[in-house]
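Data first, discussion second: the structure below is written as structure tokens.
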Amino acid sequence: MTTPIGYYLVLSGILFSIGTVGVLVRRNALVIFMSIELQLNAVNLSLIAFSRQLGDLQGQVLAFFSMVVAAAEVVVGLAIIVAIFRRRRTANVDESNLLKG
Amino acid sequence: MRWLTLTVFLPLLGIPFLLIPELPDRAARLIALGVTIATFLVSVGMFVKFQKGVPGFQLVEDVPWFEGVGLRYTLGVDGVSLFMVMLTTLVMPVAILTSWSVTEKVKMYVMMALFIEAAILGTFLSLNLLMFFLFFELLLLPMALTIGIWGSKRRVYAAIKFFLFTLVGSAFLLVGILVLFAQSADVLGQGTFDFRRLQELPMTVEVGRWLFMAFFIGFAVKVPLFPLHTWLPDAHTEAPTKGSVVLAALLLKTGTYGLVRFNLGLFPEASDHFAVFVSILAAIGIVYGGIVAIMQTDLKRLVAYSSISHLGLIVIGTFAFTEQALTGSVLQMVNHGLSTGLLFIGVGMLYERTHTREISELGGIAKVTPWLAGVYLVAALSSLGLPGLNNFIGEFLVIVGTFISSHVFGVLAAVGVVLSAIYLLWSYQRAFQGDVPERWKGIKDINRREVLLVVPMIAVMFLIGLFPKPFLDRIEPTTNGIVREVEAAGSADLQTGEAP
Amino acid sequence: MSADQIVFWILAPISVASAVLMLLQRNAVHSALFLIVNFFCLSVFFLVLGSPFLFVVQIVVYAGAIMVLFLFVIMLLGVDQRESLIERLKGQRFFAIVLALAVAAEITTAVRLAAGLAKAPPAGFDAVNEGGNVRALAEVLFKDYFLPFEVTSILLIIAAIAAMVLTKRRFSAPEPEGADASVAGETEETAA
Amino acid sequence: MPATIWLIPLLPLAGALVNLFFGKRLGRYAGWLASATVGLAFAISLGAFFALIRLPEEGRELTATAYEWITSGSFHVAIEILIDPLSMTMLLVVTGVGFLIHVYSNGYMKGDPRFGRFFAYMNLFVFFMLVLVMADNYVLMYVGWEGVGLCSYLLIGFWFEKKAASHAAKKAFIVTRIGDTLMLIGLALMVFQFGSLAFGDVLTVAGVSGVSEGTMTVIAVLLFCGAIGKSAQLPLHVWLPDAMEGPTPVSALIHAATMVTAGVYLVVRSHALFSPTAMTVVAVIGLASALYGALASVGQDDIKRALAYSTMSQLGYMFFAAGLGAYSLAIALLVVHAFYKSLMFLGSGSVMHGLGGHETDMRVMGGLRKLMPATGGMFVIGAWALSGLPPMSGFFAKDPIISYANGTGHVLMWILAIAAAFFSALYISRILFLTFFGAYRGDKHPHESPKVMLIPMGVLAVGAAFGGLLTLSINGAIEHFLEPATGALHEAGEGLPEPLLIAISIVVALAGVATAWLIWGSGRVDWVALRERNLPTHEMLAHGFYVDDAYANLLVPTLLAGSRFLSSGIDSGLVDGAVNGLGRLTERTGGLMRHLQTGIVRTYALAILVGVAALLLILEVMR
Amino acid sequence: MKTQNLLAIAPELFLVLAGIAIILIDSIFKGVKREWLAILAGVGIVTSAVATVTLWNWDGGQTALQGMVATDRLAVVGRLIILGVALIGVLLGYDYFKGEERGEFYALLLFATTGMTLLVSSADLLMVFLGLEILSLALYVLCGFTLRLGSGEASLKYFLLGAFSSAVFLYGLAMTYGATGTTKISGIALVLTGQTKVSSLALVAIGLLGAGFAFKVSAVPFHMWTPDVYQGAPTAVTSFMSAATKVAAFIALIRVLDVAFQPLTWNWVPVVQILAVVTMIVGALLSIVQKDVKRLLAYSSVTNAGFILVGISAGPEGIMPVLFYLVSYAAMVIGAFAVVMVVSGRDRERSSIEGFAGLGRRAPLLGALMTVFLVSLTGIPLTAGFLAKILVFGSAVSVGQWPLVLLAVLASVIAAFAYLRVIVRMYMRDPEPDAEVPRLSPVAAVAIWIPAVVTLLFGIFPALIAPILEQASVLRW
């Protein structure tokens, strides 16, 4: 293993940022949610890279927990999106703007 | 016997009774009246216990309350607060009596009055800065509600303005108090809000001056000093009679009292340093308030501006640092409470009969209601400093005392005397003299309740005017002490260029 | 150039490209597919970084279960839902990209200052993975991380309840659906 | 004795209180009660007088202290009264003349709906006047000073339903208040310099206290400002003519005999404080007022206004005398002036009464001598006295003053004083002729007044006629009596010989009378046409050289405009505007921020990203 | 594993047990009286509270269960506050969902509460993360609990932004791990103390974790979800979440900043100060232009977050004040929302500020209670809100931050205007002609009276609670 860990960390940062952009520019609730998943995965990459760097397994365990949480979050999130869609017939988040000001 | 606690909290005892459902309005009024009279009697007891010629605080009560932040329940009375308390307990029953003409939400109305009384008394008697601030703030809401609920047309605007304006002022005050506490924690190891200990707190000139400004802004809004005064005309004008009376007679005094007690008491060096600045503001207030009052078309507004002018006089005397001026100022606080209070009562009685305060719509009322006119005239004469009445003593001492320390400010203080004659008598002429219009022909002169209401005020006004000595004797030991402190700080400043 | 470096330099561009492409798709299904590509790339990195267990989990749970769920919902809501790519919020894209770049730059700087960009990781990770990654991981998970592991169960219960609460057709819905008073008048569309 | 002298002021006070609260119920007895209290006070004053002259000349003082009034630090004021020859003289005048006028008022005010109230005010006035003259310190004197101002206010505006009356009352109070305030500043300066305001402390040490002459001048001039206001001297005289809106007994008592002379009393009382410069100021103002009043009086058609200007002129003479240092002469003139001027006011009141109440325009009078013989006769005595012709009292009081000017070398002033004397004779004769001589020009049915009015007038007429006896020569009875308080007169060693001066005075006065006779008395000159021909001159005199108009059209509007500007421009506009503006700005800012809350979730996410970037940046920058 | 260790999470166990029981009963016994479910929830909360109280005198070390759970008194106090709020939440929910079969509500409420209590007692960043997730997920669902459009929208917004921010938080957790090699609160502090140079990764970690917390406590600019969610969510839920979430998040924040990152105090204090200033000013400015009481209170909660941040910035000095603030804040905000709930009514959620016109006349008691809460929020004496402000500001002044306090006090003046507007409506305006008299059920009355009494009691006799908070604020690691 000779690839510097820094490379992975930077890659993780780039992916996290791309995910961030996704959240901000996409309007489809599902795509936004996917972007968030991308962010979480980027973080996992960081955790595992750190784990490798530090030479202990905690990082991997943390990444594992992150995945579990993500899974639960996905269920809740999709349920919410479905529920909204049922009533509004759209997944466009820009149209959910009754509450403002 | 804990006279001070009793005095402060007695008014609150009336509140449970007022909460009785189905209590008739009349009973509510009588309960409030009874409670306030009882408070007055208790305060008389306190007055009797008060030893004259003793400078420090008396009848001190000191119990822990919330030690974690240095909040102790500390009450004490000295020559300055004594008469503030007496004034409050005297004016409140009178203010309650004016509420007979209120017919809406009577219970709440008198309840607010009782709250206000307790809060004001607490303000005057607290020796713990935080507790003082607590009472000082506690006043605001009942007062704002009184204005906002029972006031006249623009009452909501006035109430909000009053509330926010004074809140901004106390914002600075609060920061000052907290900084002072932090200072004391630095120096003494254990922070304290105790006024008596803070008085001896050594602090640098720099800090003292900053703190002075913070306190000053807080009190200047309440006084109110130019240019922080514009809430006052609105609040006075829109408030119901009781509100105006309490505002003018008592609430404004918390500001002047604060200046005397805290600004002078805690920051003598800074007081000396800023004296000219404060006096200029006060002098502007005197002249400005007087001139603006002349052209007011609303009788209450006129009286409100006259208050600004009169309070300028009190402040200018406070910052003259002579025994006469300071003693005069303290006495003048009482006097202003009485005479302006009575003026508002007069206007209020007039308003009840005519439903207008527009001077141009009134006129000739003296013909149909000679006694009412007489009451107003007595109040006006007192207010313009006619000898024999109370205001003269205070004004005279202030003017003389101020003149001794600064001729210019002395002369400016005297200008107010001329102006007050102009606006008061001119307004009296327009409102009460001349031909009586047809529609006012039927109105009635003052009734028995109203006699009951004005007699104590007028009696005390004459009492102070003719026999001021018992008052002065009790005020003076305290004011002398304050003046000496300030002078010592000021002269130390001169000698070393920097205070210790 | 060692093997892991070759892997990195091949897969890193792919993962970035797939992430970017995911953003550029008007169709949600396409987005999801690109995301799966991305996840695969990452899973390989996990393997390279010494976590075969997470490599598997990533593929099974993420690329498999979660993304399938996504696709399922997309189907449910209608595949034809296409999103116009014209931005109506002024400056949203500009700020989004600039700020995201800034964040990336900040993180990069921090990484450079802390770990360094040229330093290879210390050897000896195998020592930690004694007895196999899964076993070692289990050791940590069920000893040190016993409580968090149990706590995640609450999350799963909530997820289950959420699905139940939010998606079930209500048989006893006393309130009228749709226009609610608090936002009445601002309602632009009526509920189905 | 000392205890009983308290009764002198307290009796009228008691009368005032009783009348104030029970006046209505007392009915016409209110008047008699009031008169009785003043009469009694007069009697006690007389007793005091005899007690006083029994004392040795150096120690002619009666004092009494009630209690410490104001104490503050080293500064003390007591309620303390002092009767020395000066205040004794004033006391007798006030209670004596006051009593007569009270009696007169019983007739004059009969049937007025506020009869009791009137006497309450009158009594109150007497009380304050007595406090003024009996006070032993400046503060107590100031009490009386303001108190009489108040009563003057109340009485001028007694018929407050009349706009003019209420206006005049207010004007009188405010104008005098300007002087009073300057006086108050003077008092403050005295406290600053002497640490006390007791006569005993201030006046005895004034000469030796080491206070610079400049400061003394300032103190004296400030006190004199108070006197200017109260005694209606230039330039604060404008209230006095208007004050004639009050009931005529008021004019007689307050605006002729007593209150207006308080200024003279003040100057004489405080003469120890007056530096030569200050005295020159007093003399100049007095002389100017004497001349001004005399001239202005000539232009008046209203009998009371004419008399008011006359009063101003006479007071000017008194100040002139005081300014020259002839304090006792000033007081002597004060005393006799009280007699003849109140006589003439009561006379004019009697005329008004005879003409049905409120007629004061001399153009519609004339020939009343026949219809109201008693009034006319007594008015002649008064006018004679005022014109300064022997053997009436005015001659003996005024002439020494004029001579004294010459005798002390103030020749220019003497000439002016003589000129004023000419016009004095002229205007008083004019009043006399227009009112009582010639033919009746009105359409009413004049009748003589009742005895209750005439008898007091009679007494006063006696005083006006023979009062001169008291001042028969330099250092006459009054002067001699006053000496302990005012000091002796200087020997007038310079100038023209005494007899010549007297002759000149008499000739000038006669010339004045003759001129008046020619124009208004003989019937040979059509004075109405004459006035038309010299309209600008007449108008100028009638308007008192437009001083009042200048105030009313320049000063007052300026003040009102200033007030309006401050009120709506500065206060509502700028100060309150700033406050409201700040409030609005806060609200507007909130409103603008609201727009950021678009309701769109991506905006919120952007905000979060902004926050994250900012946090990271701050941490990086501040490390 | 010792049983004593299990005791450390006994409160959570009881809550979860009760939650699961409710779900089971609700789904197995159809048509069970919902009173029983509510009572069961209440029992769960009370037993949990009792279990919490027994932890007060814990003698088994600072942490339990492999350093995952803090056993200090801060955790005890934090839990108690949250449990108290939860109890009121149950009452409000009972009143709000009258006549509806909503057993899940109580279960979700209990789970959310569990997440919060875990949060305040977590001694490891992972536990913090899990706690946050549990409470968030439960709240996402609760927000979307009714069929109103607003409710669904609130849920969606809360969810998307919450997920976004938890990704950020997780990234921060990763950075912390990278910087220190551990996620234990105490371990982080230990490692950081040992480092001579400030680790840039640690700084990034603070920033990212801070952003996550800032989202939960609604600090500006992370606050924008707050008004929308508070307005859209069913009012019973809003009351609960507005009070409890903030308490939990702030106490966790205290742990993270004052313990874990204590060695970097000089780095994070300015950040917190800037956040505080921006938060209270923006919150105050926005609160005064609101037309809906729920939104108004939402912005008020933003402003209050700013005030609490002022106390946080004072470091250890500020812990006790912050705790006192949290207690009083929880009481007054849940009370205020509860009144709004009663006044606006379940069916229509009419929470416009005009709906309060003449309330003082229509329902004097309700008006008076609302006044108590508003007055306390304003910071008027004799209410807990006043002393809370004094304490927090005092702590900041004592570390020399008086300019910050001056800004805070001025912001509170601006905010006062917002509350005053409601008071004006209640007392100085006539009710709308069609305005109905709100009906106050006994359950709701209890739910409103409790916070009112707390607000007044601690406002007048702060010494009742101060010693407890004092002891809780001593962080020994």
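In this document, chain identifiers A, B, C, D and E correspond to the written order of the chains, with residue numbering beginning at 1 in each.
Rule of thumb we're sticking to: a contact is a pair of C-beta atoms (placed from the backbone, for glycine too) under 8 Å apart; a residue touches a chain by one contact, two chains touch by 3 or more.
All of these numbers come straight from a predicted model, not from anything done at the bench.
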Chain B reached from chain A - shortest hop count over touching chains: 2
Other chains in touch with both chain B and chain C: D, E
Remaining chains grouped by touching, chain B not included: one piece
Chain of greatest Cα-centre distance to chain B: C
Chain pair, B-D or B-E, that carries the greater number of C-beta contacts: B-D
Chain separated most widely from chain D, comparing mean CA positions: C
Geometric centre distance via CA averages, chain E-chain C, whole Å: 29
Mean-CA-position distance for chain D and chain C (Å): 99
Approximate Å spacing (C-alpha centroids) for the pair chain A, chain D: 96
Length of the line joining the C-alpha centres of chain D and chain E, rounded to whole Å: 77
Where chain B touches two or more other chains at once, by residue number: 164
Touching two or more other chains - residues of chain C: 89, 92, 95-96, 99-100, 103, 106-107, 109-111, 115, 144-145, 148, 152, 155, 158-159, 162, 165-166, 177-178, 183, 187, 191
Multi-partner residues of chain D (each touching 2 or more other chains): 594, 597-603, 605-606, 609-610, 612, 616, 620
Interchain pairs in contact, sorted by label: A-C, A-D, A-E, B-D, B-E, C-D, C-E, D-E
Residues of chain D defined as touching chain A within the complex: 594, 597-602, 605-606, 609
Chain B residues touching chain D - in the complex, by the definition given at the top: 161, 164-165, 226-227, 229-231, 233, 288, 291-296, 322-324, 327-328, 364, 366-367, 370, 381, 386-388, 392-393, 396-397, 399-401, 403-404, 407, 410-411, 414-415, 417-418, 421-422, 425-426, 428-429, 432-436, 466-469, 472-473, 476, 480
Complex contacts: residues of chain E adjacent to chain A: 126, 129-130, 133, 137, 140-141, 144, 147, 149-150, 152-157, 159-160, 163-164, 166-168, 170-171, 173-175, 177-178, 181-183, 227-229, 231-232, 290-291, 295
In the complex with chain E, residue positions of chain C that touch it: 106-107, 109-111, 113-115, 143-148, 151-152, 154-155, 157-159, 161-162, 164-166, 170, 172-175, 177-183, 187, 191
Residues of chain E that touch chain D when the two form their complex: 156-157, 160-161, 164-165, 168, 198, 200, 203-204, 206-208, 210-211, 214-215, 220-222, 224-225, 227-228, 267-268, 270-271, 274-275, 282, 285-289, 414
